[in-house]
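Two complexes come next, and they have one chain in common, subunit A, joined by subunit B in the first and subunit C in the second.
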Partner chain A sequence: MNAFARYIRGRVTVLAALLLLVSASGAWAQIDGLTGTFFNFTAKSGHIITPDAASMMIWGYADDSTGQVQIPGPTLIVNQGDTITITLNNTLPEPVSIVFPGQQVTASGGAPGLLTQQVPGNDNGANPVTYTFTVNEPGTYTYFSGSHSDLQVEMGLYGALIVRPAVQDLAACSQYTQSAYGDCRSAYDYEFLILQSEMDMDIHQQVELSMIAHPTLPPAIDTAAYHPTIWFLNGRPGPDVLAEAGAAWLPAQPYNCLPRGNPGKRVLARMIGAGRDSHPFHTHGNNFDLIARDGRLLESAPGASKAATEVGVVPDLAVSDYTQTTSPGATFDTIYTWTGQDLGFDIYGTADAHTCSDPACPDANNDGFNDGDPTIACWDADTYEYCPDHGKPLPVVLPDIKDLAFGMFYSGSAFLGGTGVLPPGEGGFNLNNGYFHIWHSHNERELTNNDIFPGGMMTFFIVEPPGIEIQ
Partner chain B sequence: MIRLIKPFRILPLLVLLILSGAYSAEAKVYFQCPTLPGGSLNADSNGDGMLRADDGEINLPVSEHEVCMHLSSGDGFVNMADKVLDPDGDGNGHLQYTFGFSNLTGVPDSLAMETGMVAANFPAPTIRVREGDEFYLTLTNVGMMLRPDLFDPHTVHFHGFPNASAIFDGVPDDSIAINMGSSFTYYYKIMDAGTYMYHCHVEAAEHMQMGMLGNLYVDPAQDGTDYEYPVGSGRHFTQFAYDDGDGSTGYNHLYPLQISSFDPNFHDMHISVQPLPFAFMTDQYPMINGRGYPDTMNPAELANSFDGKTSQKVNSIITAAQGERILLRVSSLVTTNFNTLTVQGIPMLVVGNGARKLGPLNDTSQYYLTNSISLGGGEAMDIILDTNGPDGIAGNADDIAPGTYFLYATNADHLANNNEDYGGMMTEIQISAAP
Partner chain C sequence: MTNWKKFSTIAATTLLAFLFAVSAYAADVTLNLVAEQVNVTMADGAVVPMWGLRDAASTPGTATVPGPTISAVAGDNLIINLTNNLSEPTSLVINGQKASESGAMVPTWTNNSTGNRTNLNQRVRSFTHEASTGGGIATYRWDGLKPGTYLLESGSHQAVQIPMGLYAAVKVDVAPGAQAYPEIAYNNDVVLLFSEVDPVLNAAVASGEYGSSPGSGLYTTSMGMGYLPRYFLINGQSFRRFSEGGTVPLPAGFVNGTTLVRFLNAGSRTRNPVLQGPYMTLVAEDGNPLPYPLQQYSVYLPAAKTMDVVFQPTAEGRLPLYDRSLGLTNGTTSPGGMLTYLDVGASGGQVIAPNGGEMLVSGDTFTVQWNGGLGAVRYNLWYSLDNGTTWNWVAAVGAVTSYDWTVPAANSTTSLFRVVGFDAGDVKVSIDKSNAPFTIAPRTSALLVTPNGGEELTSGDVYTVQWKSPTNATIGYQNLWYSLDNGATWNWIHSVGPNKRSFDWTVPAVAASAPTSLLRVDVFNPGGTQISSDVSDGNFTILPRANVLLTAPNGGETLTSGNNFSVQWKAPTTNPVGYYGLWYSLDNGTAWNWIGTVGGLQTSYNWTVPAVGGVTPTSLFRVRTYSSGGAILSTDISDGSFTIQP
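== the complex of A and B ==
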């Protein structure tokens, strides 16, 4: 058993049971959050349990309907054209506010702050601030505190804002029912949020000590001596990102981050830089196409499009890459599709009885269509297998299992959906025998939790075999 | 100064390792380079570090474009470029313990273990393949002789490989990794030109900081086709960064430049068998192709001061004559921070990133001129330096004069080899007069 497996088993045996329930439980493959037009938040302090079993104080926005503080703050999922009203209260010992980059906000109540109206410290409901804005453009946005931001963003006062398009013009791509920006260039089968942040645990400890000693005084913290030691996706460090959303033992970290999709499906990953560092986020498995930044499509003119190698129709200025650097306060929408094209062997194995619709499909130009008849796709309609590779055996002999170390997410087979013999205690965390592809910060130092590898800014994209429903 | 284990101590360690049962009974070295019945392997006749059917190095190959390579993974040593300060007091730059790869192609399986032990290169042997290749890459884990307490498996992660399978992606958590004394063969059907990179993905924060990093790039199928670029300029190219359709990524000279950096504290703690400082990993030796300046300009393969083996084989000397174009395939495998590189005096034309040409075929509209590029770990960019200047035409004002130009990190603190200044992430570009 490798170190990662030992680590996870040691930490989250409950997670194992939940992983096995993955296809039966909800909230695994969607963006969780609040919908509507009126929201009531309170900024307050709380604690999270980090994967190295430390208890760390955080500040966060709580949704008043539950009163539960959380990082990130509630993801607001709203509709283009709606007028949004957010009322903020504050129980923290210093003034707090919210800024919404990209929105034209009217703020009232509370007291004037440098960037916007803010709720005084120790206010406890006396002087709430109301922020009102109309969301005119669809896309991915973020929000965070505009008061004492160097400390408050570090403490966890940030969140995501997703604006759904008012009109979905998907007639030309009728296999899709959803899109990020209202047309085929941003259409997707599944969407996920990847909100990235980091924390300096020393700062959090100092804040806690200050609040114990002087509960109503603003903590006097030197945030210049900043050295993050733990990294988060959607408010959780690895491996907690893999547990289900709303897991009972992570009350202040309700969101998970476990992107999944079947072969050939378009997956929208909405990436947000919510902390104060940039991160080079690497997607194993394939390139993605960056289609939008800060809520605007990368297009030279309205509607301009191109056909991307990996994913199909995208805006004409979309950029294909295997690493997306996120920057603080910015958002990045990416489309990712895994097809298995041209692996050079049958991804379902030669022992399996599956067929391919056009096994001889000549495709010298690799456009996925029969060179002799471009109306014939080289992809099987059911399995999404790339037919020119159908029936080709694995080109190499794999070593004896006694010569190998096994990953917990290895199915035991080289083939998608396949199984194989594994030594006792190995594997077992890959319910549907998919391909797990790690998505992680390539500043590898960030794959740690408080000096312990592995963890931090990492998760997996699971290529689930055809027929496995992504909920 | 850390006391290192002397080379003669390695043999007893090896014996101990074998007796301790670290090798299972089935463990074996197995360089897989399949042939049709009756086929055989010839020597690497052209010295490119791999066996290619195209070069007549494989008799009766299973495919027309079969390519085979054999790497070891293990440990070794390199010297940093702080020779003037001489921190170890022996006339060399600081000796760093590393993990890494070395090239075993052509070494008989029976000799692979002893050849690969304590032979890690930094950077790893460069892998250069072509579109259409069927690439069989065998990795033999020779163990870490200087850390006999470790039993780490190793992998190759072909960073950026499109539509990757899990089995050949080299991530230990979702796949399999090879134990000491055994071999695993990766298979890649190479379809897309561009700049990639490779590294070990086992305990990635540790193994990558320790140096298991290398250049990997793919030449396009368009190579060999003649394009005049710019049209009417009279300049013809037959080598390209990508299948561009118009010759716009054509070059005369190609240089892979991989930036990386070492935290000496991390490496010194490692050879001292101490807990490793992940949280406070702080790189102090910024490098290009595994060397700090001025070692980047040393044409020799550098031998380390531990046992005299050549372990830093890649220099970063960039040369061209007026009228020529240079392609830089730049990648970063730094594990701690972002880096910005500039070329003083020569505009940089970015034509690709993430192993993709910018913009569609026959279209240069998304190329851009810049004086700096920024790279986080795991990012790559393709840069054209045109000695005729941005217009590509000789004999006008934007021509680049003969002389020496510098390519360096504008993160000014990266221009040092630890405590020794005037070094670090820098190399020279030498432009000679038109022949």
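== the complex of A and C ==
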């Protein structure tokens, strides 16, 4: 891992400094986006910087309030029942549009396209199209261009749409204040967007050359011969996913992808297949529960529920898995919770006098199980420690540090929140001394940036010690 | 929150419908298909060789990709007789249905053997028994079909034969046109079969030059690295703009009706169709009903997958449906590929086929299809040759959604078909015509339909010979001949008039089985010049008759004493008949009364019906053949008793 560590360190020397800002700025807020009901977009071209220092032309939707093109397009965060109006302008050399799968959309203006009304090429404000729809159902949705989609989706014309439920019926799970679909089955502590896409640099270079040579002519590109070379989460390949959102040096890639949570917390990961390929997205650390697909809960009847894999409840047709194949155009809502259950050692170590207790779980005999029903384990009410493992030492004796190689995220201690001695120059990238679990596409060649490993569709889920504020 | 409530309502009413509409008897559905190579023009004008399927009765060279959609009722037995005109052995399998003929799903190896593998050099060439090249015929059978949507494909050398185009949709309903599964009812259905074409692969296969050692005869595959599909098809069509005479929207039901969409993927890559507008309710996967319906706007369709979804349209109009894996190009041009539109009408009754672009040949049988109109109990069918200016009557039919139309003799590229639906009160509830013109082409050559190969005819039987005649010339007369020696010599049958398309042929007597028989029809103009001729595609067999067969009186007749009755029988042909002996019985065969003998060349006897005491319903007749030396050769008795009355 040393080579990997050196490469990553070289790339994100800025990262450590930025990590110190975690509690000060909102740059780590879970899902960045635009709120409201009226939006103005312009489709335009721009450039992104890839982690292997290449510059690539992209086409994206820019929010007119800043004029900055971005991939993915702005995440729209709206409320169930709202009527949403989006006006689209176009400076690209060919017609562009937006389609919203799962929504009933009225489009006016522009010219008729094959899927919806589209803004003509080189329009520059003359014939905008207005898309109007009422978001009747909460959930995770996506949007993308319905014009010349085989080229325009490749170039980056896609984004996420999140609809918050109008009513939150969380009385039965009062420790939560938010849910994706309005009740305890989709309740969460933290939410993150995981929008997956890919790009073929050759196609982007051909488009750029075409636009240089003929700025107002539609590029003629053979998209059937696509072969992606770069993979993205929320518009950034690894390891740029780890940098802060809104990083000034990634102006066209405002979103990051760094899911984090404390033990026992429910994390909602909204996965979207935004490109044209499927990706087997794999969550180390634990299974997740897939609770919804295409914005609809996986339930056999309204309200039907069952126990989640770890904490709380999920809809009764939810699927527990550790790899989710995300299909292009589809959305997948998952609930992920990390605990230390069955690790076999006290995750907080045995050096201090911490206790494991929950007033609601009587444990007079200190075996970690509920005295009333010994099949039910107790969990600490504050730290979510797994009490049956309380006080158990690490089952191995770690070798001397001279005999170890270190990953950049090792805090020096095997215990959550703990630190330890590290050789000079090692570590330093684990600000809160959490556990890092890689989340990645399990199609391994997607873990590269233009053939350079590591990179591509990877990030980390950081299990932060209790008390560390996530959002 | 979801459309779950609507689904449960559908389920409740369909359960009721199913209880009253159970099909009591399983039928045999027999299809005669031919696999042949055809050149298919892609949407960008490129011509690609493909391997398709056609009905054996249709004109050679008209095979389609996909092959014809096969429809059956759950419980039916599907029998396909496949004739293979391709350059390599082929076969048929249906994923998810159990093959039941003997030898089914026993692999054929690359060394032409079948059965257990005996050495490691053998590779599977076919998953089942094969129809050999050069017109070989094999019969495949699936008894007791399960309901649902299934993919028929080649079971041979699939890496090559499926991309070449050997696939078709199979739909099996619990109640045809009404119920797909015991709990899934529908008003109209749409088949969407996705597939793709790599023209480089197809050209290499058609030329025989592919694989690692082209021309070496080694068993190789062309599906190596570099597979690159360039054409993306739904039901064999890529998208082209309407203004270029392209894609015609697919009729997909009516407002508040239930439309069933049957997705299949015969390609090698995963497709992800998205329906723009309404959510789809997934109800079955690979022919297996889902335990719970799922709501999605997209469908995950890997290779060989079938998915059944339903939706209830809420408005008239055209709903785009496209592949979100972006197979949306034709060659290197855009737009194209897997984009189509589902056409929702106010009240249904939309013409499905012919709906535009088809090529029909005069004299062929074309199955016209339409979807059910809201409340329609009968339909009037019309066709036009002049783009709808004038309409010609076809037929009036009842509450059905298809009609086997004998294509009239015509030559028109501006043909349309029209369906008008009426409800029980004779109110017109729907009217629709083809979305775009189709072509009726004249038949330019004769086509013998039957006997065409494989049939077994028996001496003395009457067999209805059928053929199709050219329509692009005036016919004077048509002559029929048969051969017993594979065409070396021809024997005269009959000459028929210009309008005849069939002839009741008394099969000639043969002493021994004649398996190399052929039939020929020659068509002449009034001046005596031959216009066209056709011979059976393959040999049929004329079987001898071993035993005499009494045909009258054979049971059920009423004869009157004193009247003459013509007793009839069919002569045996395996041995010369010396003479026939004739008897009758009045007591169901306990006692036989001698009548007399007739010569060995006779096949009838003018019998004066004897006097009887009273009405005798227990009468039987017996005929027996004797050699000239008096040995008994065969005997036959009336199959059932007949009545003699005074």
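Going forward, the second predicted complex is superposed on the first by the 450 of 471 C-alpha atoms of A that agree within 3 Å, B and C clash if a C-alpha of one lies under 4 Å from a C-alpha of the other, contacts with A are read in each partner's own complex, and residues count from 1 in each chain.
The rule is simple: a contact is a pair of C-beta atoms (placed from the backbone, for glycine too) under 8 Å apart; a residue touches a chain by one contact, two chains touch by 3 or more.
The structure displayed is predicted, hence computed values, not measured ones.
Asker: First (subunit B), second (subunit C), both or neither: which does A:R293 touch?
Answerer: It touches subunit C, and subunit B stays clear.
Asker: Just subunit B (first), just subunit C (second), both, or neither: which does A:S278 touch?
Answerer: both
Asker: Return first, second, both or neither, reflecting whether A:H148 touches subunit B, subunit C, both chains, or no partner chain.
Answerer: Second partner only, subunit C.
Asker: After lining up the shared chain so the two structures overlap, which partner does A:T229 touch, if you call subunit B first and subunit C second: first, second, both or neither?
Answerer: A:T229 contacts subunit B only, not subunit C.
Asker: Is A:G261 contacted by the first partner subunit B, the second partner subunit C, both or neither?
Answerer: A:G261 contacts neither subunit B nor subunit C.
Asker: Between subunit B and subunit C, pick out the one touching the greater number of residues of subunit A.
Answerer: Counted on subunit A, the partner with more touching residues turns out to be B.
Asker: Between subunit B and subunit C, whom does A:Y181 touch in the aligned arrangement: first, second, both, or neither?
Answerer: second
Asker: So in the superposed three-chain picture, is A:L317 touching just subunit B, just subunit C, both, or none of them (first/second/both/neither)?
Answerer: Both: A:L317 reaches subunit B and subunit C.
Asker: Is there a shared patch on subunit A that both subunit B and subunit C touch, and which residues make it up?
Answerer: Residues 278, 317, 325, which sit in both footprints.
Asker: Residue numbers of subunit B touching subunit A in their complex, please.
Answerer: Its residues touching subunit A are 24-28, 30, 32, 34, 62, 134, 136, 153, 159-160, 162-167, 169, 171-179, 181-189, 191-192, 201-206, 208-209, 277-281, 334-338, 353-356, 358, 360, 366, 374, 376-379.
Asker: Inside the complex, what are the residues of subunit C that reach subunit A?
Answerer: By the definition above, subunit C touches subunit A via 1-2, 4, 228-230, 239, 270, 272, 274, 276-277, 279, 291-292, 294-298, 300, 320, 322, 324-329, 331-332, 334-335, 337, 339.
Asker: Which of the residues in subunit A end up touching subunit C in this complex?
Answerer: The touching residues are 99, 101-102, 104, 114-116, 137, 148-151, 153-154, 181-182, 220, 222-225, 273, 276-278, 293-302, 317, 325, 327-330.
Asker: For the complex, give me every residue of subunit A touching subunit B.
Answerer: Contacts found on subunit A: 2-5, 227, 229, 278-280, 282, 284-287, 306, 309-310, 317, 319-323, 325, 338-345, 347, 366, 394-400, 402-410, 414, 416, 430, 435-438, 441-445, 447-448, 450-454, 460, 463.
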